[in-house]
Amino acid sequence: MFAHNKRLQYTVRVNEPNPGLANLMLEQFGGPQGELAAAMRYFTQAVAEDDPGRKDMLFDIATEELSHLEVIGNIVVMLNKGAKGRLAEGVEEEGEMYRSITGAGNDSHITQVLYGAGAPLVNSGGVPWTAAYIDTIGEPTADLRSNIAAEARAKIVYERLINLTDDPGVKDALGFLMTREIAHQKSFEKALYSIAPNFPPGKLPGKPEFTSVYFNLSTGPGDERGPWNQGEKWEFVSTEEAQAVDGGSGQASVELPSAEAEVVQTLAARTASHTETDPLTGAELGMGVSPEGMQELALEGAGAGDTAMSSPPSRKR
Amino acid sequence: MFAHNKRLQYTVRVNEPNPGLANLMLEQFGGPQGELAAAMRYFTQAVAEDDPGRKDMLFDIATEELSHLEVIGNIVVMLNKGAKGRLAEGVEEEGEMYRSITGAGNDSHITQVLYGAGAPLVNSGGVPWTAAYIDTIGEPTADLRSNIAAEARAKIVYERLINLTDDPGVKDALGFLMTREIAHQKSFEKALYSIAPNFPPGKLPGKPEFTSVYFNLSTGPGDERGPWNQGEKWEFVSTEEAQAVDGGSGQASVELPSAEAEVVQTLAARTASHTETDPLTGAELGMGVSPEGMQELALEGAGAGDTAMSSPPSRKR
Amino acid sequence: MFAHNKRLQYTVRVNEPNPGLANLMLEQFGGPQGELAAAMRYFTQAVAEDDPGRKDMLFDIATEELSHLEVIGNIVVMLNKGAKGRLAEGVEEEGEMYRSITGAGNDSHITQVLYGAGAPLVNSGGVPWTAAYIDTIGEPTADLRSNIAAEARAKIVYERLINLTDDPGVKDALGFLMTREIAHQKSFEKALYSIAPNFPPGKLPGKPEFTSVYFNLSTGPGDERGPWNQGEKWEFVSTEEAQAVDGGSGQASVELPSAEAEVVQTLAARTASHTETDPLTGAELGMGVSPEGMQELALEGAGAGDTAMSSPPSRKR
Amino acid sequence: MFAHNKRLQYTVRVNEPNPGLANLMLEQFGGPQGELAAAMRYFTQAVAEDDPGRKDMLFDIATEELSHLEVIGNIVVMLNKGAKGRLAEGVEEEGEMYRSITGAGNDSHITQVLYGAGAPLVNSGGVPWTAAYIDTIGEPTADLRSNIAAEARAKIVYERLINLTDDPGVKDALGFLMTREIAHQKSFEKALYSIAPNFPPGKLPGKPEFTSVYFNLSTGPGDERGPWNQGEKWEFVSTEEAQAVDGGSGQASVELPSAEAEVVQTLAARTASHTETDPLTGAELGMGVSPEGMQELALEGAGAGDTAMSSPPSRKR
Amino acid sequence: MFAHNKRLQYTVRVNEPNPGLANLMLEQFGGPQGELAAAMRYFTQAVAEDDPGRKDMLFDIATEELSHLEVIGNIVVMLNKGAKGRLAEGVEEEGEMYRSITGAGNDSHITQVLYGAGAPLVNSGGVPWTAAYIDTIGEPTADLRSNIAAEARAKIVYERLINLTDDPGVKDALGFLMTREIAHQKSFEKALYSIAPNFPPGKLPGKPEFTSVYFNLSTGPGDERGPWNQGEKWEFVSTEEAQAVDGGSGQASVELPSAEAEVVQTLAARTASHTETDPLTGAELGMGVSPEGMQELALEGAGAGDTAMSSPPSRKR
Amino acid sequence: MFAHNKRLQYTVRVNEPNPGLANLMLEQFGGPQGELAAAMRYFTQAVAEDDPGRKDMLFDIATEELSHLEVIGNIVVMLNKGAKGRLAEGVEEEGEMYRSITGAGNDSHITQVLYGAGAPLVNSGGVPWTAAYIDTIGEPTADLRSNIAAEARAKIVYERLINLTDDPGVKDALGFLMTREIAHQKSFEKALYSIAPNFPPGKLPGKPEFTSVYFNLSTGPGDERGPWNQGEKWEFVSTEEAQAVDGGSGQASVELPSAEAEVVQTLAARTASHTETDPLTGAELGMGVSPEGMQELALEGAGAGDTAMSSPPSRKR
């Protein structure tokens, strides 16, 4: 179970309020690479993990990410503190609040109007956090690679936020959070490579004839080679050879029971396209046939149509 | 910051594996009324709260909800433990695993194929958790009411899960979790009523002429009265009187600068509907006009159309 | 069934077009606390409700919220009317429209480019409305509390929009809409308290030993007491005492059939982490091992790997 | 299967970088009317289609839309190229990057901070693309109409983007993309009308007594007639006559087995509203009842409540 | 504004409860082709429409769709009525409710556990309704085509539900709802063709050289021709000719200011791939390099890495 | 640009129709680890990539993934072919189709009713594909790690589907698709390690004092050490030492301008909680206070409340 201490893992010293900057920080609070995603990624893995070492590590890091969620949340709240008071008390002169709320040049209007300048679990564009961000699938050799990648991404987003910020206190705290992603990536790498073998992930081996093939499906100007497709480790295959590589027809087929085959035929006949005709279309009507001509046909067509309702005419080829 | 102890707040003793039941339990793990929603609801409020008492209470309860998330997650994991092994090791005979995975009669197939029989943050139907479930807006007299309601809902979903379960260990742990929702609701109620006044929420009073009006907009068989619209506290208004209650025209209007008014006119003219005609329509074509007639017009129409591409004909009335 | 009259419930008199303000108003059109959410919340409850009084009340208020959806929608449309014409007719000079569409400082660009300056069901940040906003669960003592909270939230969002607006006609109509949320909250409160008892919600009582316990899980600077955890109504429990409150081990367990236990063992062995090693990791490779050393090992490793594809080597400890 | 050539279908010549404009272009990259939606709409139809002609056409157009996705993606990337470099290398002076990223007046901050000024599959407001945009249902007479409509919408969004742009190279490429939507619409129209009959879609005819009825359910100022409800093709029915048009009671009913009927009664009794009372509500407490009076009752109520937990009192009418 | 009468537009007579069937019906309550989507589609268009005739028609049909939402909602509620009582009162014997809730073979477990067997705005798979289903863009020649397509789709889904149902009362009400989609489609067709010209939609003509071109981008077995690409109306172009159809290079380019060009170069250099090497990879480590070799390198690598943290080594080629 | 050949990359030979199995296959068509996610992940990276080698590789693999999307889509369509015909033509006897559609034990009902047994872009639980699944952020050392992880996950999901299937043709095609994920992972690994250094990702180094610290935040039974936190590379820090690791107060602060500080005070005072009282709450009312007492207070409270509407009483302590 969890316990909480109201002292933060890292002290947050914000120099001055800035709701626009607060909003950018939400990226790491409720965004896809943010701390909630990290905490929940590791927490749910920890709960389902059976290996004692990994389980403990996942709980350790999940707990730290929750603590980071708190740090970044406090940065948001401090940057928004003045805005929250002004909005709640409505003390601005007429029009002043509108100008301030639309002047930030980003989505801080949502944060303010909808969330009262609080700390909502949305990204910097106001998109609510979703568990679709979490890609855990319950196999450690895959999940640890996902964790490694997630830490790399989070590190980069922090780097960008640091580049955007000139408040020294915010920059300092962001630097701490960014650094911890580096440390976590190192731990997850150690955990991955302490499973051996860990590649290919899972249990089934691949089909040997396709594990080292590279299909060169994009051609034209700028075709390049590199260690990912050259050398004796690779069999390099051109586009033309890439079709029906199993040596079959390249078609899809299914054995249908005869009753089903029959009904599939009926459906095909009912919805067949008559490729030999050039039917008049709605677009052609809409392009400018004279209303007179249209109305004449309309009367005729409508008559046919009304009949069609109760007893549809047989299709004419 | 947070700390974690690997002892649960409540011991989980599952009698036997049951992936179908595991899946129902996800409702309170990653569902809208579940423990992640609760934990994040209170945690984000706590971070943004300035009142020392409420802030502490919100952190206390958020931390407990995280601990409950762990309890319900462990129930899911225990119920799924056998399924996880069988799926990962692929030891079943041909077809056996398909039958077991589709035999649960609920969405346990997703949990198994996609999530490896782990503990994903989805509801019992496989819908990923979203922060759209959290309705915090940053005003305590509204948020505390939202919390009260959230606890009431969570209590009910636990009650339903208890009714569905006959594993005594699961039932016991669910009973604990359900009870805590009752206790939390009591705390939030105390916190709401310790703000005075707390109604109406916020700062602006309403327009006095409309605060005690009840509009009887649904009529017909089954019209009823009750304390919500009868007695001297209420002014009861019928449908007809409910239109344009400000005494105006009931129309919407805007003062447009003349340049804008002009362009709005141009738009209106371009897209005007010609209500006096009865144009031939695509549906009428589709109802069965003879192909011969269609094709004649097609040639004519297409000719007009091709010209229309580069220089659209003036609209003809 | 429904009927509609083209007179609004409240006359909308907008002073001048303002697409930026229009966009903020979308919060109450297609936002989480907006009128569609309110209308659908009560409508779906009304359809499922059996109590004649509540059913009628829910239909009355649902119908009024639909009428409010129309009022706020008209405000949006009036504020956008000029922008709609300019965009559709493309009459601006080069670059002028770009400047006007990106100058609003909020998401009015989406409303204009994607929705043609219409009235889409999105919030002020362009997030589409979702039924995940509706928290109805089909038990009146919970749903009425949810309705009370929803009205409180909607009241606050209107209050904020009123503070942001200096167009007197918009302010006036918003004032009406805000006031009605107060009246609706009063009705829902009466409906809740006309069910007795209504607490705890539902039918199952809690476990008596946990209904009045307060777990003090957040400690450290700023620990506070209040009516939510002090006095003789409450048992106040510290963090340490909060573990395994059932008196058990605080562990999760399940009784697995022996066949399943065996396969779980197999899985554990296959994915065990070898905690006694310090394996070389990808991160370490990436930190700057000299290419010479890397390539030598690469050749060696690749050889082993190619073999591994068809017949994975036994794990070495 | 697919092949790719690195030459674009249409050359992209961007005059100068402009991240704000890049962001608007995302509407047709990852927005609801954009090229991914188009490509996936036709591709999935093609895969499931059995009619050889339509199948081929759908693959042709799906492949072209993928090629358009590449063109619009390249426009985005070129407009963002400078921003991407500045952000990744962090070479700006303090505060400069913040000003540039929030100065675009739209959501280019998300594109930059979260996506590194790349080409993400989001709309111009940062909302991730969702397959909920695709309305294919697997019946050609419906799906072809959906395709026709989708092309019409895409054409309009391109028209708006062209009006917003003054970069001649971007305008030129957008003009090509817009034109192709016209051509595709023409193809889909031909395909629809080459199925005969194609209206009503599907196989079941409607109930003849209701296929030509128009219910005039919106009345009041501005009531109008047009070809959609006037003339001898239509039966025009007023609001009052529109209720229970089957001639029944207009009520919903179900035959319940007696055991179920009984439990429904129990539920109704337990949650009945007592319409004859005027109960004190939480809102009334919150409006300002004096604390003294409140506390007296509180003690009394709490006592009753505590007992209620383990054995709820019988409901008193 | 709206008014409501508790008599339904069509009487609902359900023969017997069936929660599994109830769940399928949700497809037209809260699904993408369902009645809420229809009602909101037309309602939001009506609010934004300026043409008096279309505005009235859209309100008429929107109001009818709301009334249909009520009819289908009542079908759901009646089919669920017994289940709701059993679930709320918990009167089943142990295990019985679990069997009944998982025995329906579809997602009725969500409807029951989460929504209390009510009428939630989800599709038959439990996915919450989203406004992303609505494709209105604010141009009538596009929106009316979208409406036509939407009615066609809704007609088909009703047809499928009718085929699935053998409860005669449900079948009868579904038949009415299906028929009304036919009538609505007819109205929208009339409204579309009463705008002239309506093709191409919007105002800008296409580039004449591309409006009648058909690119044959899918080739191979099954290549077909039809009215969508054959005849003198079409120019038929092969894959090879389809590249760079503007006659340019088929490349994307942008004119970068020199400062930006420089930083782009820096970024390129920093992240360049060294295509001449064959670096050792993590996958190769994971494939089975002997632990001995790994550990030796690990020590070496880690040393380099630790230094790298504070001062990253210059990239070595 | 893209071209398409109607021959598949791998021949699909399905033994017999099976809509339930079709539905499981959707996991790799429109699920988070499926082929659309893969194709779009690499395609969008390719478009934004400047390094010629990586750009070409990303286009090669994106094109192959599109071809795999076609293969898995054809598997779905073949497995569903009979069901599609039966549903569209409605030839079953009464009740038969209901039984067959709900008998699959998974979400094939959605696929059939909503999508007509086609190939929709949803996962096996019916959740629509979302671009939120794609985690590309535009920095190659992060994105390549994300790609490596994505391939590992896709490999595992294919492995699970293979274990579930006993149709030899489906199994064979799945084996090909699974194997290609192994090959792609190998390519992405080579591409990652051909950037040097690639760790830490991005440009900013971390704070040296925190890059090698491990915080042991989860304690209690089961605490373990491993290469991720032991040895001389790591500094191991206990929970207590982990608070305020910067040596500060662990508090969050902001310097507020005095005007803002004042309004924040006003807000705090207005919403302060009165911790010394024990207010009567709504829950206590709901627990069973006698109606008589309630009504007396109700009258009193309501009087105060009505006044409060127009002029809220000062808060009383």
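By letter and in written order, the chains are A, B, C, D, E and F; residue numbering begins at 1 in each of them.
Assume a residue touches a chain if its C-beta (ideal position, glycine included) is under 8 Å from a C-beta of that chain, and two chains touch if they have at least 3 such contacts.
If you're wondering where the values come from, they're calculated on a predicted model, not measured in any experiment.
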**Asked** Chains in contact with subunit E and with subunit F: which ones?
**Response** A, B, C, D
**Fill in**
Label-sorted list of chains bordering both subunit D and subunit F is A, B, C, E
**Asked** Taking shared residue numbers divided by all residue numbers at the interface, is the value for subunit B and subunit F over half (same) or under half (different)?
**Response** different
**Distance between the centres, which are taken as Cα means, of subunit D and subunit B, whole angstrom** = 15
**Asked** What is the distance in Å between the mean C-alpha positions of subunit D and subunit E?
**Response** 7
**Message:** Using mean CA coordinates as chain centres, what's the gap between subunit A and subunit B in Å?
**Reply:** 20
**Message:** If a residue has to touch 2 or more other chains to count, which residues of subunit D qualify?
**Reply:** 1-9, 32-33, 53-54, 56, 59-60, 62-63, 67, 74, 77, 84, 88-90, 104-105, 107, 114, 116, 125-128, 130, 132, 137, 139, 141, 148, 156-157, 159, 162, 182, 185-186, 190-194, 196-197, 199-200, 202-204, 206, 211-212, 217-218, 220-227, 233, 242-243, 250-251, 264, 267, 270, 273-275, 277-285, 287-288, 291, 294, 302, 305, 308-309, 312-313, 316
**Sites on subunit E touched by subunit C in the complex** = 1-9, 30, 36, 40, 43-45, 47-48, 56, 59-60, 62-63, 66-67, 69-70, 73-74, 76-77, 84, 88-90, 114-122, 128-132, 134, 136-139, 202-204, 274, 277-285, 287-291, 293-295, 297-302, 304-305, 308, 312-313, 316-317
**Item:** Touching residues (chain side subunit E, partner subunit A) in the complex
**Value:** 141, 182, 192-193, 196-200, 220-221, 224-227, 230-231, 233, 243, 250-251, 273, 275, 277-279, 282-288, 291, 294, 309
**Asked** Which residues of subunit E touch subunit D in the complex?
**Response** 5-17, 32-33, 46, 52-57, 59-60, 62-64, 67, 74-75, 77-79, 81-82, 84-86, 88-89, 91, 130, 132-133, 135, 137, 139, 141-142, 145-146, 148-150, 152-153, 155-157, 159, 162, 172, 175-176, 178-180, 182-183, 185-188, 190-191, 193-194, 199-204, 206-207, 210-218, 222-229, 242-246, 248-257, 260-261, 263-264, 266-267, 270
**Request:** Please give the residue numbers of subunit D that touch subunit A in the complex, ascending.
**Result:** 1-7, 50-51, 53-54, 87, 90, 92, 94-95, 97-98, 101-105, 107, 109-110, 112-114, 116, 125-128, 139-141, 148, 185-186, 189-197, 199-200, 203, 205-206, 208, 211-212, 233
**Asked** Okay, in this complex, where on subunit B does subunit E touch?
**Response** 20-21, 24, 27, 31-33, 104-107, 123-127, 156-157, 159-166, 217-223, 239, 242-243, 250, 264, 267-268, 270-275, 277-284, 302, 305-306, 308-313, 315-316
